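So that you can tell them apart, the chains are marked A, B, C and D in the order they are listed, and the count of residues begins at 1 in each.
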Amino acid sequence: MFGLDNKDTRMLIIVAVLTLFAPFILNPFPTGSAMAQFNAGYPDLMQRFVIFGIFAIGFNILFGLTGYLSFGHAAFLGVGSYSAVWMFKLLSMNVVPAILLSVAISGLFALLIGFVSLRRSGIYFSILTLAFAQMSFNLAYSVLTPITNGETGLQLTLDDPRILGVSATADGSIPVTSLFGLEMRSTFEMVVGPWAFQFNVGYYLCALVLLAAFYLSIRIFRSPFGMMLRAVKSNQQRMNYTGLNTKPYTLAAFVISGMYAGLAGGLMASMDPLAGAERMQWTASGEVVLMTILGGAGTLIGPVLGAGFIKYFENIFSKINDTVLHNWFAFMPDGLEDFVVFIVHPFIGKGWHLTLGIMFMLVVVFLPGGLVEGGQRIGKWVKGRKNKDDSTSATKTPAE
Amino acid sequence: MSKSDFSRRGVLKTGALAGTGLALPTIFTASSAAAFTNDPTGSSVTLGFNVPQTGPYADEGADELRAYRLAVEHLNGGGDGGMMNTFSSKELQGNGILGKEVKFVTGDTQTKSDAARASAKSMIEKDGAVMITGGSSSGVAIAVQGLCQEAGVIFMAGLTHSNDTTGKDKKANGFRHFFNGYMSAAALAPVLKNLYGTDRNAYHLTADYTWGWTQEESIAAATEALGWNTVEKVRTPLAATDFSSYIAPVLNSGADVLVLNHYGGNMVNSLTNAVQFGLREKVVNGKNFEIVVPLYSRLMAKGAGANVKGIHGSTNWHWSLQDEGSQAFVRSFGTKYGFPPSQAAHTVYCQTMLYADAVSRAGSFNPCAVVEALEGFEFDGLGNGKTLYRAEDHQCFKDVLVVRGKENPTSEFDLLEVVEVTPAAQVTYPADHPMFAGGALGSCNPGA
Amino acid sequence: MDAILLQILNGLDKGSAYALIALGLTLIFGTLGVVNFAHGALFMIGAFCAVTVQRLLSLSYEMVDESQKDFLGNPLKVKTPYVESWFGPEIGGTIIDWAVPIAILFAIPIMVLIGFVMERGLIKHFYKREHADQILVTFGLAIVLQEVIKYFYGANPIQTPSPEALSGVANVGALLGMDIVYPVWRIVYFFFSVAVIGAIFSFLQFTTFGMVVRAGMADRETVGLLGINIDRRFTIMFGIAAAVAGLAGVMYTPINSPNYHMGMDFLVLSFVVVVVGGMGSLPGAVLAGFLLGILESFASMNEIKSILPGIDQIIIYVVAIIILLTRPRGLMGRKGVMEE
Amino acid sequence: MGILEVKNVGKRFGGLQALGDVNLSVKENTVHAIIGPNGAGKSTLLNCLVGKLIPDTGSVMFDGQSVLGRKPFEINQMGISRVFQTPEIFGDLSVLENMMIPCFAKRDGAFSLNAISSVPAQKDVLEKAEAMLEEMNMADKRHMHSASLSRGDKRRLEIGMCLSQEPRLLLLDEPTAGMARADTNNTIDLLKEIKEQRDITIAIIEHDMHVVFSLADRITVLAQGTPLVEDDPQNIRGNPKVREAYLGESA
């Protein structure tokens, strides 16, 4: 289907089902129950899941296929966001031109930086991209404030021109982002018993874009171009002596992944029209590296998983405070309760960085293939057991 | 097709009506149930405390959280009531807000505008918070204030000192209790004049981002009005850790006053470096060289240790104040946590009380009603003397403290001493002052 | 003229910190071939060794003094450090005052131990893995280390002053008949760095151990074939590199109050220094450290900033980009190191 | 006029004259071996032919066109394929994929942004690659990870990859270095087969005299950066100068 083989089609369908039913899947616990803390099915976080998924998918096209480790990809996301917000400020609140512009501008920016950085490889390439991104961040935070609004981040105001729209709505507010009138923030609520599920227009736009981006990345992975990129990673010398020019291949991969980052940035600004300079900081670039590796670099679905994982941590784990902990463990005797809270305390709430760092090290050390490898190992283990019990069990290919 | 932008609490009620079991999908209309975002319909109301828990301001964030917990305890009738007893408005009864128990959720801003907005959004969308408060930097405060305006909830700013928060970036749904760069300058100028005279040459080192610029502008304007000459204004990168290369040129610049428009880690390092270079012992033009840190923070001063001795600056509040409100607050905070509160803790405690009081007076959680109740509200007993929440820009006008690093501290908390309490009248500026020009409050947004 | 000399001096002073950190990083890269993103964290831990020593020395017992009141109006608990009660206030006070230099003695074994544990426990499993994996795992380690420090010491900077005798300023221009004052401790730091760098170089140059390590840096396999256990020596080198980073951190504390993220602040910068100097070149790292220190100092002069706004924000990166594009092996790197 | 004409090529590295004044003419459809002791400049010469090095003096013409100043991939696209001393293949890719890449390079040129169509849809390339694997007797290994092949198989694969580009000149850099005798003989047989069945010119740098004399139509002996002598194999065998300079020490 869609020009994909069966395995890829199955994966695309799985991703489609997961994203389209995310409001259900991410809200497994009834509202108001103690476990509701772990629900992630609210619009902002769901949007972040898919937006960072797109970012990581794009990053993976560069890193996973060619092996070039860019430490400056956040710069493209930032540039995309700034472009989109400027579009909202100057043209209209429609997200389509904003997203198109952000993809185009970050593509150009990536072309420029990639052209220079790709003259080197290995760690030199990493340092070059890092240097460019840090320059962008430092300048955006300070001297470029007229364009970026520096520390605060670029945001909409009541006196923006918006030539195809209105500067302010009738009741004196800043208009909201929309897709031809369909407001991004509109949320449809569905209440089933004690559960409440939220269906947000913005989320579904992001989800559809994610599916398109994911589909495109499958096509790229399975195309001759994708094969060439893997060949670049494998042996550049052989590439050169096989009559293939590696430069345009790596540059094309760099620009494509830069455009993915710009797309993510544009979507982010469309969901929440503010572009902060921190989006471009090297630690933000590091974050997408972490996502990709955590999920499994070079695999199709890994980066999406990694992105979801890290964003879940950032948004859910960081909100668990001691009060919440005490509530959870209230059933225990007092002394034990305090002890358990004391033990768990450093790892949750403000300690979420620590937990993330530990998990990350564990993954790099024990699961170089990331969560996908973990899944495959479990799959194999289960299969092995099954085969023991029942030799006729159907073989299931683990999701790549 | 109907929509509701940020309403969850309202939904719950409908959900309950629909009953358990397999209910029909309830598509919800804004007009029928909720008049505003996150209308608390149950027996409790949720507030969102959004403070930096990771990153360089994590300690200030932690102190803010302590104050928030204390405020919630007091609002719900626990503890000794703290400043609720000294507050001039007597609406709060210790039975929650409007009889609803106060609950709270916390989040991590990471001192990044993006992360702060994400955190605030989750509080609004997921936890049903009806008010967001907190923050320890202006960039974050402005970003979250913008978000709250769009979402239709009230934002009670925490520690934010930039003129822009209630200047060009002011919002109808946002309120600031903390003072700002202009007020620092207005409070400091007369003191500086008394101490150092009118014939001075000032050298500014300024953190190169919006807050630094507005403060530099304010201080330069105020000191130039005294007759001081501004020798040089040098911008320093936010990421700088060693300021020696910026301090070194001061030595031979002919300046006799160094103004450090830095905050947080920048302030600690630039001050430490300045003292290292012997600036405090230096004599220029026959006058003792002086250093001024316009925005002081005790938590940060601790990092600079003995280097703060004798150096002047301004602060929003200090625990050594002897008025009834301050004493009550220090007592309940100190008893609970074992050390005195910081100015960040104080301002967020006040903000929580002010919000709760405004809701009680308005009789509604509706943001527009709260805005109306807060606008032009005059109060006393919260540690800063008589205070006005000005309607035009949602800025509090109150006394500003000029403080000095103490020469002989008696304890690790006793780092600053209050030199002067500059009365509110002296730091008040017209709402259309050029330094605050360029934005509009807009109208209050109840969301939904 | 004075201003320029002062900036050169300042550049050397800044550069000495960069050189020390980059030296350790290069030792690790050159010997083990490992790109260590946790090196900044080692620097930070060194700084917190000083904080810990200061705290240990100031451990106090409390006595209630009825005549004074604390902030709640209760009788003040006066703290007296044990060392003061043991050695008398004068000697005790001096011991506390000299906490940072004393911390050097404390930091060396601690840092070497941390280095050993890190190398044996983690890094050694990554010799054969890709550089990307090394970067990632050490980056994860750096996050963990700084979060642990934050958990125990908080996020705010902690002041650790230099001894009274070594604070203040000295007029270094007096010899030249000029008036150039400079903080004493920074001069101490500079000479300390030079001494450490000198010690490392002579160690590598004049001892058998050093010769083997240098040979190993040049050609690990051959040395291994000679039947020399190079791995054990490399472990020791890792310990030494950690100690160098730690010492740089200890001595840095009076210059800037240490905080938990100071390592990350230096991380990117130290990599730029190493790359500019040439991956794997020790003299290159030192040279580049001083060079970048001086360039940074000049870039922060207002005269230069008025021509190129914001240059001080990006100077380090601009230099890195120019060097990498025109001379990828760095100032003094051997050709071919990591060029493919 | 040979297909490859090297005229007066010199190359200096610092104080070392690696190549003095090399003249070489490789005739079309012959196997031309370049031999010489270590340090004679064989590899330098080869690198000058494929664009890795640019000689200081002289000219290198391939089929009437200069190759100097061109990048390796451009020279390859002109019709020169190179086999390395240690097999250079795409270790992370399967054997079939390895074989497809040169076919794509032949069909689409040095760069093609063929990012949407899928690999299996490229029927022509697939067929060609399969056929070449068949020819190399490697069809049964087509789905193997190429890094796990034996050294001999890697060599076969690399040669197959070069052949699938239908080059006019095949350069072999000590193709049997480090190989066991059996693998060496297999490689010799393979090269003989290639020579007989294809319109191809082969230039081979080799240490192993057994290989050289089994294959070469013409031999150039290089010593200290200059050609000592160029002649037919039987004459080389008997040439005392060559014996002295080269064979003597290896015998």
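Assume contacts are C-beta pairs under 8 Å (C-beta built on N, C-alpha and C of every residue); 3 or more make two chains touch, one makes a residue touch a chain.
Keep in mind that this is a model prediction, so the values were computed, not measured.
No other two chains have as many C-beta pairs in contact as A-B. Across the assembly, the mean Cα position most removed from that of chain C is the one of D. Separating the CA-averaged centres of chain A and chain B is a span of 33 Å. A straight line joining the Cα centres of chain B and chain D is 74 Å long.
Averaged Cα coordinates give chain A a centre that lies 46 Å from the centre of chain D.
Remark: chain C and chain D have CA centroids separated by 52 Å (rounded to whole angstrom). Listed for chain D are no residues, as none touches two or more other chains. Counting partner chains per residue, chain C shows two or more touched chains at residues 310, 313. Within chain B, residues 58, 208, 235, 237, 239 each touch two or more of the remaining chains.
Taken as a graph of touching chains, this assembly has some other topology, since it is neither a line, a ring, a star nor fully connected.
By the definition given earlier, chain contacts exist for A-B, A-C, A-D, B-C. Chain A makes touch with chain C in their complex at residues 63, 67, 69, 116, 119-124, 126-128, 130-132, 134-135, 138-139, 142-143, 236, 282-283, 286, 289-290, 293, 346, 351, 353-354, 356-358, 360-361, 364-365, 368.
In the complex of the two chains, the chain C residues touching chain A come out as 35, 122, 125, 129, 131-133, 135-137, 139-144, 147-148, 151, 264, 268, 271-272, 275, 279, 309-310, 313-314, 316-318, 320-321, 324-325, 328, 338-340. By the touch criterion given at the top, residues 31-32, 39, 42-45, 48, 138, 141-143, 145, 149-153, 155-159, 168, 171-174, 176, 183, 185-194, 196, 198, 272, 274, 276, 278-279, 314-315, 318-319, 321, 323, 349-350, 352-353 of chain A touch chain B in their complex. Residues 3-8, 11-12, 14-15, 18-23, 25-28, 53-54, 58, 61-62, 65, 69, 105-108, 112-115, 117-119, 121-122, 125-126, 137-139, 142-143, 146-147, 149-150, 164, 169, 208-211, 235, 237-239, 439-440, 442-443, 445 of chain B are the ones touching chain A in the complex. Residues 55-60, 208, 232, 234-237, 239, 241-242, 244-246, 248-249, 251-252, 265, 268-269, 272-273, 276-278, 281, 299-300, 302-307, 319-320, 330-331, 334-335, 339-340, 410-411, 413-414 of chain B are the ones touching chain C in the complex.
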